[in-house]
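Read from first to last, the chains carry the letters A, B, C, D and E; within each, the first residue is number 1.
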Amino acid sequence: MTSSLLYALAGTLLCGIGLFGMLWLSHLLRKLLAFNIMGSGVFLVLVGLPQNQGGPDPVPQALVLTGIVVAIAATALAVVLIRRYYHLSGLTTLDEEPAFREGGPE
Amino acid sequence: MTLNAWLPVFALMTSLVASLVIFALPERGYRLRTAVNLGAAVFKLALVAVMVWGVFQGVEYGVSFTMVPGVDFVLKADALSMMFAGLSAVLWFLTTIYAVGYLEDSPNRSRFFGFFSLCVASTMGIALAGNLFTFFLFYEMLTLATYPLVVHRGTERALKAGRTYVIYTLTGGAVLLLAIAWLQGLAGDLHFQEGGHFGGADPAMHGSLTLIFVLLIAGLGVKAAIFPLHGWLPQAMVAPAPVSALLHAVAVVKAGAFGIVRVVYDIYGIEASSALGLLEPLAWLAAFTMLYGSVRALFQMDLKRRLAFSTVSQVSYIILGICLFGPVGATGGLVHLLHQGIMKITLFFCAGNYAETLGIHRIDEMDGAGRRMPGTSLAFTLGAFGMIGAPPLAGFITKWTMGTGALAADMDWVIAVLVLSSVLNAAYFLPILHRLWFREQSGKWPHERYWGRLETSAWLFWPPVLTAVMTVLVGVLASFPFSPLSWAELVVLRAYSS
Amino acid sequence: MIRVVRLLILAVACLALTAALAASIWAIAGNPSPVNLPQLLSENLDRSGVEHPVTAVLLNFRSYDTLLEIGVLVIAGIAGISMAKTASLEDPELRTSDALLYALQRWFIPLMLVLAGYLLWAGADRPGGAFQAGAVLAATGVLMRLGGVPMEFLRPGLLLRLGLALGFMVFLLVAVASAIGGDAFLAYPPGMAKILIVVIESVLTLSIAMVLLALFVSAPVNDAEDPEEGSPS
Amino acid sequence: MTAFDVVLVLLAVCLPLLYPAMAVAAGYEKAMRYALPLLPLPALMLALGTAPGWQLELPWLLNGGLWGMDELRRLFLLLTAILWTLAGVFAVGYLKAHHLQRFCVFWGLTLAGNLGLTVAVDIASFYSFFALMTFAGYGLVVHEGTAEANRAGRVYLAMAVVGEMAILAGLLLASAAADSQMLPDLPAAIAEAPQRDLMIGLLIAGFGVKAGLPLLHFWLPLAHPVAPTPASAVLSGAMIKAGLLGWLVTLPFGETSLPMWGALMVVAGAVASLGAAALGVCQQRPKTVLAYSSISQMGLMVLMMGAALANSDVAQPLIAGMALFALHHGLAKGSLFLSTAVAIPLAPGGRWLMWVLIALPGLSLAGLPFTSGAASKLVMKELLEPDNLEFAMAAYLPMLISAGGIATMLLVWRFLWVQRANASYGGNSAMIWLGWGMATVSSLGVFWLLPQPGGLPPTPGLDAMVNQSWGLLWPALAATLLASVVLAARSIKQR
Amino acid sequence: MTLWLMAGLLFTPLAWAVLTLLTDFSRGRLVSWVGILVQALVSLGLWLAVNRDGGFYYGLGGWDAPLGIELRVDGLAVTFVLLTAVVAGACGLHAGVYIDPDKPWHRYFWPLFWFLWSGLNAVWLGGDLFNLYVGLELISLSAVGLVALGGQAGALRASLRYLLAALLGSLAYLLGVALMYGQFGTLSIAGVATWLSDHPVPAGSGMALALMIAGLALKTALFPLHRWLPPAHGIAKSPVSALLSALVVKASFYIAARLWLELGQPLGSLAAAQLIGLLGSAAVVWGSWLACRQQRLKQVVAYSSVAQIGYLFLLFPLTFSVSETVSLQAQQGMTLQVISHALAKAAMFLAAGNLILSVGSNRIDALGGVSRFLPFSLFSFGLAGVSLMSLPPTGGFAAKWLLLQASLGSGQWWWVLVLLAGGLLSAAYVFRIYRASFLESSGTDQFFHPSRSLEVIPMILAILALGMGLVSDQVLSVMALPFAGEGAP
């Protein structure tokens, strides 16, 4: 068991926690945070697993970097959406319908 | 490819193109639309006539290309196709004339005639289909093209009928699709071929073949309105009369019956069907339907509903005829394909005339209508007698041929069924005739309209008269060359000689 | 009650998934990898134009990923500003009067700018690069915004959009330039890899910072109603 | 056949068939009325003018048509044509304007059917014409439109349909057995077919409806009286004989002996002749009485038919005998029916003459010497000698004939009695006089001039009539006595 | 030539994304229409080139796999590229007229549209696991941006739901990619497949495939993970809905299918294949059922997408451990289903948009009597519906036929029932709309005729969907041996 593998396993755990959070929590920001936790877990696995056998592998590091940018972009967009949604409907979750009808889904 | 190969395609395209042109025409373009309609109908009639002559001479018309991997789209004209194609070409022409008159001043005519032509195009396709797959293609197209016609009036009742119609036919289509796909998997792409494909089928396949046969019949039986799959037919009566005429006489029920003919003769082969023991049960079912339809018809007071149940009964004649093993019985079944069409369209035209001219829909309103509308009533009388099987009209030829065929096939019980069915037919038609001719008019007509010299609009008057004349002629001149009977004999001769 | 049951089910499911994941990771860790990519990489590193392998992967070997990644970022930016009705820039409530923050601003901003520049430059041979530099730059912008520095270019105007797209645009032009010459898309002309990568990195830094900043400021304040299609307006 | 003959044949059938087309255009009421007697004339010319034995092939017709005329058919054609002509003449005067056209249409169609079936040799056209006659006949039955007529029409139609179907089934079976579409091939095939009894049963029952066989007769006493009088005349005189003709051309006479069927038919005939009389004397209306009389007379013919079925060797003369009887009965009954609508003159002399003329055809039915009835009865008696026949019922036949004679006479008396009560008095239009007069003349006189069926024993001459007058008279006298007794009893009782 | 075409294909959408970002809506419209033309021509050219010369691998930046990213340009890929050009082009043309140019935020439509297009192309051509991930994110985020465009509460709610689902799906996929990379040391699908073809299956890699497919299934809205789709597709502007339903969900499915076809045999299991097939069947039934119960036109169409997507997943059981013929039939069926559903659904959404514009309401009841005016759009809607019902001669029918053949040929007859029932259920919801349009009683005579250009576009798409069945053999022959590539590195 190398430290890299430990990273990978820790990543697994983070994934589990993040998944649970995304599915269970209803507050949108929390969901988003859970997403980020899960993302971190995935990145850990991505980096940790290949480095288990050889030395450092720059490819997954580059991938993770790309992944992080994508995740940040998504997170930022999600935050904007959540903010605006809250602004318009006063809701922080998707569980209830917006109070005023704007032709939302049935 | 030569021009010959393309003739079936032209025949098909004639109405297809007509339909598209009509859709594109504005609602008010009454004259142009009528011209397009009638022009196409006449042109198609000519094409079909050419093909009939050619097929008679032994020419093969056909075109095919691969559509989906493993299956071809095949159009071809053989004797049997020409039978159906001829019927639909002739009756389309008449029905178009009729419909022009019937829908005068009513809304949505552009839509109506567009789908009407589409419906005929599908029928033509069904007639000319060269394999089960192509047949199915047009069979489903027919379902779609007729739906707008059935619900044309747009009332709740019409829509309900349309729903029933669609549920029945699409379910039937699905079953048919299953059967075709299965058969395809079992035996490859099966072209219609005189004598069928399963003459010497592997005994191991018998189980599957039987099951597929049942599925095929179940799928086709919906349109052919075999009991217990007939429920849609009486409901579809809310459609305008030309549509009913078309549904009952030419397009829909015939498509089902024609499909069964194809399956029995050109897919399984009559010998194989008989050897598999498939014909006898089907014959019983058809016989039961004949009687059932007649009995139900007895209790209908709505004229068109009564006619509808009559159709349920009559179409099964065709199926029964097919099930009679032997050339004569087959001739009887096939010839009824045409005879029933001519007679039933006459009756529906007349029913439409009564409704349109006098506002009569129910049988008990018909008292004395014969005096007001003698031409229509005469046509109705001839059609009704034809249905009963009174000689020398078309129906008699059918019954006689079928009876002879049944005896040749050692299925004597069919005679009893024929007789019983005729009695029932008489029981529900003769009272109508009595009311028409021998009762005095009671009160005013519900909704009378006048057209001057003729008893009704000329557009409405002549089609039933012509079909009534045809009813007489195909009966009286049954032994004439190119009469339905002679043509059916030709078909059967070719089917049995191969 | 039902909630508890659902919670339990979900927890057990997540745990099970984690365990399965861990198990397969354990299994995979024991298997030898059939392809040795790092070695292949180091063999080709000198042809890439940069010394640092991660940057080489990002901007040369797998530059298509990066191009699209910037695309994703730009999308996020576009989507963000499409929702911003940034009349809020002058909102006085946003302006801080905190002395500490104010001081921080004065001291940190120049420092952060320098740091960003350094990160960008370092990317060639050690950890660092456009994204890191862009992130620091964006953080600087956030700080300024919180401090109430008016940044007119953040209004959704041409300038903002140009800024968003600049890095991407340059990257794309470089990518297509060689393709016009008959080479593969995204291939660098021989010998020019280094300089082109530096140029791309620089403009990317700007654009990344722009996007992040734009997303930060495009939080909505006012509401504007746009009748949904079909509903009576 | 000459071209003229061919035209004549086609004209004979097609003229009445196409005549209804005149109704399409309005305004021809009068022409249609006066055309009525002309319709059967080509057929009459055909029957009289051409020698039996011709055949006309019409290959395009139905399943291949063949029309022809043999001795038997000529006789029936003759009867049909004459009777329809007379009735047509009568109808010109009789008909009211109400629904005239409709009546004429059905008249023409029925006539076409009746004539056509007589000349048809192929099964399909025979059956077609038979059906045409049956269904068009409905129009004549219900013409008056009264509730009674409608009820009669309903019964008529229901039974006719059943009959048609029985015929259809029988013909189908027979045709399949013979593998032929021609009537002359049927008897031999039926005789040998395994389903012989079924076919015979179906055919007897099917035609029996038309011929008024017991239990199949219900429509007859209902329909004949309600129809307009000329129609009643042809219904009872000509159309009823179509059933007989149907039997004669399809059943296996002369092919094989069928004692069982023979016995059955004799029983049926006996029931018909006696039972109908029993019912008939209870009727209040002259035409109903006449209808029962028709059933009764048909019963006598059925007796002959039974004998013919049972004895193949004597079948031919018996058929000829039946034909003769049919001719006699048709003319006499036609005259009687027409007479019901003739108003009795007010002048006493004319009145008496009138009654005599009305009574004479009736007495002819009863076999009064020197009438057609006497001739046919003598022939019948001779043919039905028990010595000639070999079957169970043979011994009873003479007795049955005598009983039938009594029954006939009783019915004639009853007819005269109720006719006296119902008769109207006054003048008649010329055409009515003419029609009725000609009918009576044909029955009493023309009969003797007509060609006789071949194969009969020599027609009894005057001397035979004189010799056998007792044999002919006693049933009539017995019946007269019986009637007088009943009358006397009634008058005593009333008093 | 081919290289230029490839460069053009990759460059054009991205370049136009930037270009249109710098203009407003109206000018962007003109620019975009030019771009659509260019892109369509390039796609067609590439399709013809592949049709003539066969497929090839295209190493980006001059680097081959496994070091660089390789694009796999084969018949199937270019067919989908061409399909995208047709459908997206149509949606773009439609949107140019349909979308109100006066709303300032609508200018962002075009860049998002073009990014979406480029993402789609990236996915069709992608042969690298991670690159596919980026491509997916490109698609997801631009799609979310398009749904949220305008930013009303309803749209935001739908797009948030969509975004979260998409992100979760992406992460699951990425996790699978991580495992794959850890196992095989390469990201090239072809590389992995080649290695697996002559080596035993290493333990633990099944999990990687499972994770990737699960994530992709979520992004494809496979039952029971479909809940995000109908709101998003239903509430977006019609051209956007069309894009989403026709192409976007197909992208993730396409990746899943390719993974399965390349790696499913060694890494998958019968149970998994059947399970996915079962879920697909459930989607067919449940989606159709829900579609029948919707009151809004676009919701019906959206739920119909859920059902139609279900068919696609029948590919999994029908290609696992079956004969070569059956597998080929299933693949062909799937391909046709993707194509015809894309065409039909795009036509349907665009037509639905026109209808909503015409009657001024998106409720189905409001359609009463519309057929009297015989609008082209209703006709297009109807024709597209025919394809959805998989009635002949449409492409939908050809697809179903092939799937039926495959089911029967493989002995997995239970899918036959699903296929048939699905057809009937889809008929139920399509006819419900026909029915509404035929109803005469309501007597609304207010009817706005949208401009002809709006009406023509869905018509063309519908006719294409209809005609697809007639030429399906030709179409399929272009992608003969759909997933066979030579010279895999």
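Note that contacts are C-beta pairs under 8 Å (C-beta built on N, C-alpha and C of every residue); 3 or more make two chains touch, one makes a residue touch a chain.
These figures come from a predicted structure and were not determined experimentally.
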Joint neighbours of subunit D and subunit B, given as chain labels: none
Given subunit C and subunit D, the chains that contact each of them: none
Chain pair bearing the highest count of C-beta contacts: C-E
Most distant chain from subunit D, judged by the mean position of its C-alpha atoms: C
Most central chain, Cα average position: B
Centre distance in Å when subunit A and subunit B are each reduced to the mean of their C-alpha atoms: 65
Computed distance of Cα centres, subunit E from subunit C, in Å: 28
Between subunit E and subunit D, distance of the C-alpha-averaged centres to the nearest whole Å: 85
Averaged-CA centre spacing for the pair subunit E and subunit A, given as whole angstrom: 26
Touching two or more other chains - residue numbers and ranges from subunit A: 8, 15, 19, 45, 49-50, 52, 59, 63, 66, 70, 73-74, 77, 81, 84, 88, 102-103
Multi-chain contact sites of subunit B, meaning residues that touch two or more partners: none
Junction residues of subunit E - those touching two or more other chains: 130, 134, 137, 141, 144-145, 148, 151-152, 154, 175, 179, 182, 185, 235, 296, 362
Set of all touching chain pairs, with the criterion as stated earlier: A-C, A-E, B-D, B-E, C-E
Complex contacts: residues of subunit B adjacent to subunit E: 23, 27, 65-71, 73, 107-108, 110-111, 136-138, 140-141, 143-144, 147-148, 151-156, 158-159, 162-163, 166, 170-171, 173-175, 177-178, 181-182, 184-185
In the complex with subunit B, residue positions of subunit D that touch it: 23-24, 59-65, 102, 124-125, 127-128, 131-132, 135, 139, 142-143, 145, 150, 153, 157, 161-162, 164-166, 168-169, 172-173, 175-176, 195
Subunit E contact footprint on subunit C (complex, rising order): 20-21, 23-31, 33-37, 40-41, 44, 60-65, 67-69, 71-72, 74-76, 78-79, 81-83, 158, 161-162, 164-165, 168-169, 172, 175-176, 179-180, 182-188, 220, 225-226, 228-232
Of subunit E, residues touching subunit B in the complex: 329, 332, 369, 371-372, 374, 379, 386, 389, 391-393, 397-398, 400-402, 404-405, 408-409, 416, 420-421, 423-424, 427, 431, 434-435, 438-441, 469-473, 476
Touching residues (chain side subunit E, partner subunit A) in the complex: 130, 133-134, 137, 141, 144-145, 148, 151-154, 156-161, 163-164, 167-168, 171, 174-175, 177-179, 181-182, 185, 187, 230-231, 234-235, 294-296, 299, 362
